[in-house]
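Each of the next two complexes has chain A plus one more chain, namely chain B in the first and chain C in the second.
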Partner chain A sequence: MRWTRTLLVSIALVLATSFAMAKGVYLSPQEFLQQSFGSFSQGSQALWLDDADKQQAKAIFHRDYVGFRVRYWQDGQKTAWILNDIGKTRPITFGVVVTGDQIENVTVLEFRESRGSEIRHPFFTEQFVGLTLAGEGADLNDSVDGITGATLSVRAATRVARFALYLSTRVTGNTQARLDE
Partner chain B sequence: MNKVAPPGQLADKAISREVSSLKIWHRRLGLSAATFVLILAISGFFLNHANDWYLDQQTISSSALLDWYGIKQSESLMSYPLDDKFVTRVGDEVFLDTREIAHCTGQLQGALALPKQHFIVIACDNELFVLTEQYEMVERLGAAHSVPGPLDKIGLYQNELVLSAGADHFLADIDRLSWSSLAASEAATKKTINWAKTTATPPALSEALGKHFVGEGITVERLLLDIHSGRIVGAWGIYLIDLMAILFVILAVTGFMMWLREVPRRK
Partner chain C sequence: MKRPLITMSIVGLLALFAGFAHSAEDEVTMAEIMILLKAQQAEIEQLKQQLANTNQKVEATAGAVETVASTTESYAKVADWADKTHLGGYGELHYNDKENGKTDEVDNHRFVVFVEHEFSDEVRFVSEVELEHSISGEGQNGEVEVEQAYIEWDFAKHHSATFGQFLLPVGIINETHEPDSFYGVERNPVEKNIIPATWWEAGVKLHGEIATGLSYDFAVHSGLETDINGSKAFDIRGGREKVSKASAEDFAYTGRIKYTGVAGLELALAVQYQEDIAQGLGADEANALFWESHFVYQTGDFALRGLYASWDIDGDEAEFFGRDEQDGWYIEPSYRLTPKLGFFARYSEWDVEAGGSADTEIEQIDLGLNYWLVENVVFKMDWADQSNGDGDSFNLGLGWSF
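== the complex of A and B ==
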């Protein structure tokens, strides 16, 4: 029967799509850096966190930040950061590019939680483009709209964006002047 | 002489045949999908109230379910010794004694102290965790830092860190992030590498880790989510649920088609 054949083809197509969507890695770090800088040949640099940094990190993440050394990639005023934060129970890996004192893009590289992966979509991540730090608490200068059912992931993305902006100020010195104004 | 049925009756018979064919398929698919409808409805109902009923905080302790999740009880745990401490992987987490220190994707592949740099290095398949000698996390290094992988073991050669990824061995400098390949001509040196070795986890630690994992590992919400998504029976469970979703669509369509076909007859 013709309609049975059509159904079978449809089932095969849907299954093939679900195979392709099953993985939680959306972009490899190399691909992220290639997209950010045009090549991956650029070596990373290291930023050692001092007490003030750790305190700032604690203020942003509301817990002690795990780690003393953060690697980053830099090309002039542009820096790229690969950072993890826990959404509900598992770490989410984000890539954040900061140019000057503004976010150029936020990308979800790997999502390991069972819910909340909607934050990977451009309709959400594009909200971060152009945001800067405002105030001593390292808040963003504009609010980010949440997603129903992905509240904790949204918060993780916001925290990582704030931390990347803060770290960027440490290596480029851009926003420090802005915060001092 | 054969009687010729009027055109109206012929059309009715054709519709009737089509409807009964749809009914057969509708019934077969409905029967196949019934169990899954119940599973999805019940698990969905409880998931909808997971927070209200604290299902995300209650853990399962059934040994059958933990076995199903592949959580081996304490006696089968293996650890990498570090001085008087032990590095052990339970579930997806790495523990230093009973302290959870990192999320480990894949297997734990080694842990050792670097005497020159005064660091501790713990390796998973695709990541290295660098710790101070006081066991505080310095950083995690992975594909973004060009760490070779997947790793299968780590060791020391003349107090330098060596990574093994399949047949390739790399001399690692974790400060400069340099991973230089040990050439084939240096095969002799490879024999003198001291690879990190596992040891049986001490019973007391095994028991503590077992309790920790049973206590915090699998929540009722996690179990319900896995049932709802089909993950409870592994990767194929997801595709089975996908298949069921398609069946539900077909049921809706065939049901609608049957109703549509019967409308003219009723008129």
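== the complex of A and C ==
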């Protein structure tokens, strides 16, 4: 069996060196905005976070939110947000579009972790379409089925979706009251 | 050059003004003009002094900033290292109230530390060190084990190669076994005795995604070394060499195809070929073929998982002990009543002497619950009831991971 072993190791190494290098950038922010708004080309706006916003961010992310403001794009009742959250060790960049009080889509723009990139597939992200906020903890109104082996990335996507929904209520005023008030 | 010009301009203007004012009733005298000029000159001198003071302060500030910057540079190197190095871990404490005359136990079953370091975006080191049963050393119950220590290289988008000591891509819990990720205080008996989890070897592994949700693993690695005589002859779990001065006369090959293309679903099929699980110690070559397949399905609050695994070992010696065939399966439904509280049931069957004529198959029913205090801290409770075995017990557990 020695020849088999040598052959298999050789094949593995040849395969390993035959692929081109690449990292996980799936969509640029410009492409995401183009897809979200079409020809709409208004610049970004900034939402300055007050204490209540930061408390809500901490409740969702379980850590202090770094930064004073969040940039967003708005066309009437439609808002788009580009947000990061860490799955295991590296930030994952998501684009989230909210129309009214519902998620229109969640897109993985850049994935930097070594595992869990399966969350970029539509079979996962489509679960967020139409979800809204429910309850005092800014939870989603329906559960999102996970992906085995990508649990931490799934959690990051869920947190970002919740935060984008919360932020959209701040700029469009689509909920009766702020969730933490 | 500017000051004389300004002064001349002022004097000229004053002269004009003086000429014009000479005819005016409220004329300004030259004495008054001189007083005004002196006052302005004094103010200019004062401003010059203030400017000099300000320059001194700017210089001092710049010096301080440069000092901080040079000091920060050394901190930045530390911060950069820390940013690329990650710590993690998990642990589980168990209480086992055992039936059938066995002694009840409290056991700090596992205390595990992960250390990972990223050399670059594509190359990283991953390790896992475990202390089992609290104390290791001669005459102690526990042991210190390096479960993983490997270099992982992302050689292409969605493809990676692993070199070193790694967990084999088989079963549900072999690669992911943080206590908050599964039900039951103890790991399920089928994966423990048949697979046998936790199972690591040294070698080379390729992993990648070839279509949406479809991934492959292929590994060439060190093999098992089982006893060939006595009660542990051809015992798969006892045959793990744990990469500790392990015999490397005969290797093994593992392949797995996994599908996760539907949210909440995992389907996997793994196969492994061992050249000789006795590493040449037996009279004949005990090559072995291992099959494992499983599914995991979670929809909303309901989840279901099931697994089947089997060994087929060649050679008269393995057949003599009835261990030429070993297999087992289990099925586990569970339901989350709330995000924090879940219940499960599990039915398991396994037989490590399935090739023999005696009835050696053990059946086990588990019932229990998990309560997640937070996502990564769990309290567990379950009852295990065995048929044809003596492992009945009531168990409590505390688990955590980060």
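The criterion applied here is as follows: the second predicted complex is superposed on the first by the 151 of 181 C-alpha atoms of A that agree within 3 Å, B and C clash if a C-alpha of one lies under 4 Å from a C-alpha of the other, contacts with A are read in each partner's own complex, and residues count from 1 in each chain.
Following the convention adopted for this analysis, a contact is a pair of C-beta atoms (placed from the backbone, for glycine too) under 8 Å apart; a residue touches a chain by one contact, two chains touch by 3 or more.
Being a predicted model, the structure only gives us computed values, none of them experimental.
When both complexes are overlaid on chain A, the residue A:Ser114 reaches chain B and chain C alike.
Contacts of A:Gly146 after superposition on the shared chain: chain C is touched, whereas chain B is not. In the superposition on chain A, contact of A:Gln30 is made with chain B only, not with chain C.
Shared-chain residue A:Val66: touches chain B; no touch with chain C.
Of the two partner chains placed by superposition, A:Tyr166 touches none, neither chain B nor chain C. Contact with chain B, but none with chain C, is seen for A:Pro91 once the two complexes are overlaid on the shared chain. In the superposed pair of complexes, A:Phe128 makes contact with neither chain B nor chain C. Across the two superposed structures, the residue set of chain A contacted by chain B and also by chain C is 15, 19, 22, 112, 114. Of all residues in chain B, only 92, 103, 130, 132, 136-145, 175, 177, 222, 225, 229, 235, 238-239, 242-243, 246, 250 touch chain A in the complex they form.
Within the complex formed with chain B, the residues of chain A that make contact are 7, 10-11, 14-15, 18-19, 22, 28-30, 32-33, 43-44, 46, 66-71, 82, 84, 90-91, 112, 114-115. If you check the complex, the residues on chain C that touch chain A are 86, 116, 118, 121-122, 124, 152-161, 175-176, 181, 204, 206, 209, 212-213, 218, 220, 250-251, 253, 260-264, 266, 275, 296, 298-301, 375. Considering their complex, residues 1, 4-5, 8-9, 12-13, 15-17, 19-24, 88-89, 112, 114, 117-118, 121, 123-124, 127, 143-151, 155 of chain A touch chain C.
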